[in-house]
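Several structures are given next for inspection.
Next come two complexes built around chain A: one with chain B, the other with chain C.
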Partner chain A sequence: MSTIAVEVIYRGIFQKTMAKHITRGIVLAARKEGKVGIAFGRYGDSPERNGIPAKQFAIVADNDEELQGSIAKYEPTEVDVAIAVDDALCKGVESWAWYGLQPVNKLLKENGTLIVTTTQSAEELIPHIHKKELPYNLAVIKGKASFSGLWVYKNDHTDMRVLGALPRVAPHLFGSPALESAIREEWKDELKVASAEKSFERVQIRKVKPEEGNPEIPYSFTMPGWKSMEEGLVVRAIPLGSHFPGHDGGYRPERNPYFKKFTTRTMRPVVDFSKCTKCTLCWLQCPDSCFDVTPDGYYDANMEACCGCGVCEAVCPVDKCVTMVDDTRFDNNNGEWEMWKKDKDGYATWLASKIEHRPERSHGFHHRGQYEKERIEQTD
Partner chain B sequence: MAAQTAGAAAAKATATPKSDDKEMLISGCEAIAHACRLADIDVVTAYPIRPYDTVMQMVSKMIADGDLDAEYIVAESEHSQFEIVKHASAVGARVFAGSSGVGWFYAFEALAVTAGLRLPVVAMVGNRALDDPGAFGCEHNDALAVRDLGWMLTWVETAQEAMDNALIAYRVAEDPHVFLPCAVSVDGAFLTHSQHLVKVPSKEKVDQFLKPYDRGSKLLHPDNPITIAPQVNEDWLIEIRKQNDEAMKRAQGVIVDAYKDFNRIFGRDHSPFLEEYMTEDADVVLVGQGTLAMPVKVTVRKLREQGKKVGFVRLKWFRPFPTDEIQQSLKRFKAVGVIDRDYSFGSPYSGGVLYTEVRSALYDLANRPLLHGFICGLGGREVTIEGVTEMSEILLKTKQTGKVDKQVAWIGVRE
Partner chain C sequence: METQASMDIQKLDSFKGVKRVTVEEYFTSGHRTCQGCESALVMKLMVKAAGPRTIVLGSTGCMYVANTTYYTTPWVVPWMHTQLGSSGSAGLGTAAGLKALMRKGKMKKEPINVIAFCGDGGGIDMGLSAISATLMHPQYNLLILCYDNESYANTDIQVSGASPWGANTTFSPPGKAHRIMHTRWKKNVAGMLAAGHPACRYVATVCASYALDMMNKVRKALSTGGPTFIHSLDPCPKGWDYDPMYSHELGELAIEAGIFPLYEVEEMKLKFYGKTKKIVEGRLKRRPVKDYLSRQGRFAHFTEEDIDYFQKKTDEMWEKWILPGVIPIQPEKDGGK
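This part shows the complex of A and B:
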């Protein structure tokens, strides 16, 4: 039995084409070595939503009979290689369907490899990745979350660099000659071949032991059977909210206890409460109703519910009051207002340190040439 | 299962109505309209298509005359007609809608989700051929098309039964153990467009039989904040389908109870699923549904005069299909002929829908009767005594030889 499964975890829509290039490239390269394979997206992720974690898969086998066991499934039960093309996905993967939050390394086999494209080091990523009972490898390809393949965004060869690392981390999948031959045939571009070759050399691999990583146990839920499910497709409303936790006043709406949504986030708002005029706009305009009302009338973005869309920053009429910053610079979903209330000077220092990281990540590229400039700065 | 004699049947038809029943000369459509009035429906939707639409004219007249207080909504299509009643049913309204032929098909998306959402919509189908080519006459393919979706389906023989079954349909559909939609099939032309003497009961009696529709905690209302019809995908749908399956199974028992109450309150003697006609000592029987029962009964009597032991079993409910009752009934005979006023091109032996279902229901019997399928009466062509005689002779021959020569035959088709 020799079936090799690879998953690509990516940001819905933004990275879909790139993920498709990677999974197709895997099957085409393996084919050059006489293997067979399939490439497919996780059906439950479709139709994709902007930024929602999604998956595509490539399964490679020695022959058609071995491949049969991997066909007509939504998702493999385990993978040899998991590839996250956005390091913010290390915090977890929650699609918009009923999978719940999955650790990014959940499907990895023992001694399998998680590849992450990131500007951070492996040491910085590991605290975000959930602990796993089995050892695995973490491979780092230097690069930011790429939009390569999305409409007008310039192709930065992230797909080729991921493919180029595979003969290093999973030589049983295919060798470099097969990959290069497949790239030439499919994409007809010698620069892409060169990018793949370079990545083979540059990818950095580190062992991750079972005791390393985020100790948090992801919440789980049981799926009721037909006898206990309410009939008539009735879903009871979530109850109304109540006061801000730990205080008499304020208001926190009840939220869906099963669907957290925060793994969609790559940026998070930080609020300078000393500048806030309590104008209500962020609270009113947030499409996910993520703002809790504090007892003193401020609006505190709840990080279990925030998708990081940035609407609050856009509508805030006060300069530098709400600022979107890189979410990978945070290790928890704690509330900001409580922190500010306890120690306002300390909060100001903390806020400044978070805002410093702002240019490292953006939702897109706001001016011509920004992409090329940032790419060179961060990867070379 | 008591076999009726011709004399008893005739005597029953001319019996004086019960004191507070009012005898009226009305069409099958109008009989359904009276059922709507008696059930005190809240919302009714209309879109014209022959032959069901007389019911809409009658209901609008009842509202105009002040005999019925209901929202009468003229939709712009059958699809909207059935979407409107589906939603109205979700907010607790007792609803009615109807259609025919391809009009019913135009509503198909709404029909499918009504059953999926467990909404007790009651509909009338004035059975009509699916055109093109243009045809107004009766075929059963229109209503049969929803047979797999969770709709309960009943076929009636008379205008009286149209009214009675419409009332029974509300009672069964709105039972919280069921909560499934129900379509009452009324043969186009023969019932929809001819007037019969019908015993119309009083509202007081109907109120004893039919309690107000209560959706309970599933009511879509601001005071009961719920969502219905969420996106569920593969994680939930098979469980939901299983719930539908169980509801349809439970409907069987609910129908039996409803008939008991109905017979007691209205002084009738309907049997729930099958009407057996001269079957007690029969060697062979025909099986069918709808108005073709009339020429079949006449033929059976004629053949009996010649000493030929032929009988007839009329199926009243197609969904839920009364499998046990069909088995218990048909296992007593040597040969059975299923009459289909419908077609199922490319099906096993190219038989009709009813033939295939009866055949499937009999499969587990240790001693199955020999089985024939007859397709006839399509496009509303009359089912004739000659035709039924031909079918009966085929069955009698099969009884003698012990062998089915040809599984399915078309009767009354020009060659």
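This part shows the complex of A and C:
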């Protein structure tokens, strides 16, 4: 055996502690079996923001020589296990400008395993995940995506449940006894050991064949080298926007073409235009300048740009006019206003079907005592 | 010798209502800030208010690193990076440079807005002397806008002179023996700069939760001319630790609790705005600071005692300061009132 690489794909700062526990736990457990390992974050992701996809890695090897060959890398070129701790990441990730859209299974080896924490089934997730030429396994750990803040950790055992699934999906990494002894030593908590054990039994694994998945070709850019930079390191400004595409009026700003930001999103706003009073607040308060102004004076959130912060829902003064809904219930970034204009009744039905899937929103700290409460709910 | 720069300024009237706000964006989408980053909103509103004939200088911090990710930009107007402590010098130098180029006929004569922004680390700590020096030069037109997210946020949340008492930061983690590791009260930067710079004709505080007020103060600062200063309080989901959808609400709560007063000092005349004005006039009761503190993870370690202390210090701002919310100095005889 040579080295085994695991990557954790997560949503930046609000899942950083959890990702660290997972990669650290992997190395500690492997050491119990006499292996060596290292856990590290991808340098380019720092400073991490909340929402924007980031990665941490755990590399495990039989001996120091093998490990050293793998650790001087910015990012492994292939991994045995990829772990996505938010199911919306299945649509692909764009961590930086010029990255383009990277499929969540991009680095997976043949017959490697993608683990996703989700409340959905494998069948529901596969249409989002980009097709791969090689077969791989999809392992599902049931549960809501766990978000907690920089300072207060939710500690709902999602990290332990991910670790617990590993001896099942990748027994060559380590076995359950090694993991349990590592958890006991590092976290000194029998409940955590129990959570890992339960997950070992409950994790569901399904084979994904090469022809299965999202057929879309992910967008990509060619990154300019330093020789193609202009004198004085000038970067050309974004041009002024112009009218709403296909219409004389309205306004759509030009946007940074090399970073779209929508893969930051786990939720997206849907707008009930029939309720909108055109008060301007969503448009004015969106930190990402997402709203295009329509020719008839509505505000249409541009789904290529929206990072799903939820500010527009929070500021809209009209009840149930802007609603944040689960982004995995969509397979495109189409504009909502044009859909509404074309068929208002159809739009109303569509809107209701999306709002039905509104998950209870928790992207982080709401109030003191919140995590204590949620911890009890999640650790069954 | 010319002392006032009155001639070369743009006349930017207040936006009379949200419907009159410019539709164009000069800071657009595609920046790598956190979800719900209020400072990104400040950038957007700041240049929306200033208009297309504006040059922006930005000192190191989130609004440099996250916005202009490798060889791309969200800026529509010209923007240039400057050193962490140099917003004052870069702004002054740019304003002076424009003036010289126009005087020598190397550039068309036209009023161009110069805005230099800095974070609280860059402006309230490191670059304070350069800002102070710049505010002493009435012959140059520029606005320095400090976006205050109450920490060195870009480098993962270290304490700054603007961090609130008791907040959890990378440099002040609460421990078992010492719960409160940051024991200094927030620096009063707008009050200090307004009181101490006779050549500066406009200093204001803003919060992007009140977008119209904020944009109109930017417009007023730029139209007043000379060196001017605006201090903006920006909720930061990463450093303050809250769900990004609450950015707007936390800004409102800071004002309603009287923690951050909204005011301007124009030609040494003090004027309060919005909810702060109502508080000053006794028409609105301040909300308990607890409503603000308990919604942020950076204060999650606070006990009731800590909250009471925070409340007491906030009450003092309103009950004991000679100019409530602005200047704390009192004559000796009233010292103990």
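Just so we're on the same page, the second predicted complex is superposed on the first by the 345 of 380 C-alpha atoms of A that agree within 3 Å, B and C clash if a C-alpha of one lies under 4 Å from a C-alpha of the other, contacts with A are read in each partner's own complex, and residues count from 1 in each chain.
One rule holds in what follows: a residue touches a chain if its C-beta (ideal position, glycine included) is under 8 Å from a C-beta of that chain, and two chains touch if they have at least 3 such contacts.
Please read all numbers here as calculations on a predicted model, not as lab measurements.
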item: Partner chain in contact with A:142 - chain B first, chain C second, else both or neither; value: neither
item: First (chain B), second (chain C), both or neither touched by A:290; value: second
item: Chain B versus chain C as contact partner of A:74, first or second or both or neither; value: first
item: Which superposed partner A:98 touches (first chain B, second chain C, both, neither); value: both
item: A:235 touches, of chain B and chain C: first, second, both or neither?; value: both
item: Which of chain B and chain C A:315 touches, first, second, both or neither; value: second
item: Of chain B and chain C, the chain that contacts the larger number of chain A residues; value: C
item: Touching partner for A:31 - first (chain B), second (chain C), both, neither; value: neither
item: Contact residues of chain A, present in both the chain B and the chain C interface; value: 97-98, 223-224, 229, 235-237
item: For the chain A and chain B complex, residues of the former touching the latter; value: 44, 74, 97-98, 223-226, 229-237
item: Chain A to chain C touching residues, read off their complex; value: 12-14, 46-52, 96-98, 149-152, 223-224, 229, 235-241, 251, 253-261, 264, 279-281, 284-290, 293, 302, 305, 307-311, 313-315, 324, 361-368
item: In the complex, chain B residues that touch chain A; value: 116-118, 179, 217-218, 225-230, 232-236, 239-240, 242-243, 246-247
item: List of chain C residues in touch with chain A within their complex; value: 18-19, 21, 23-25, 27-38, 40-41, 44-45, 52, 62, 65-66, 68-79, 154-157, 168, 208-209, 211, 237-239, 241-249, 294-298, 300
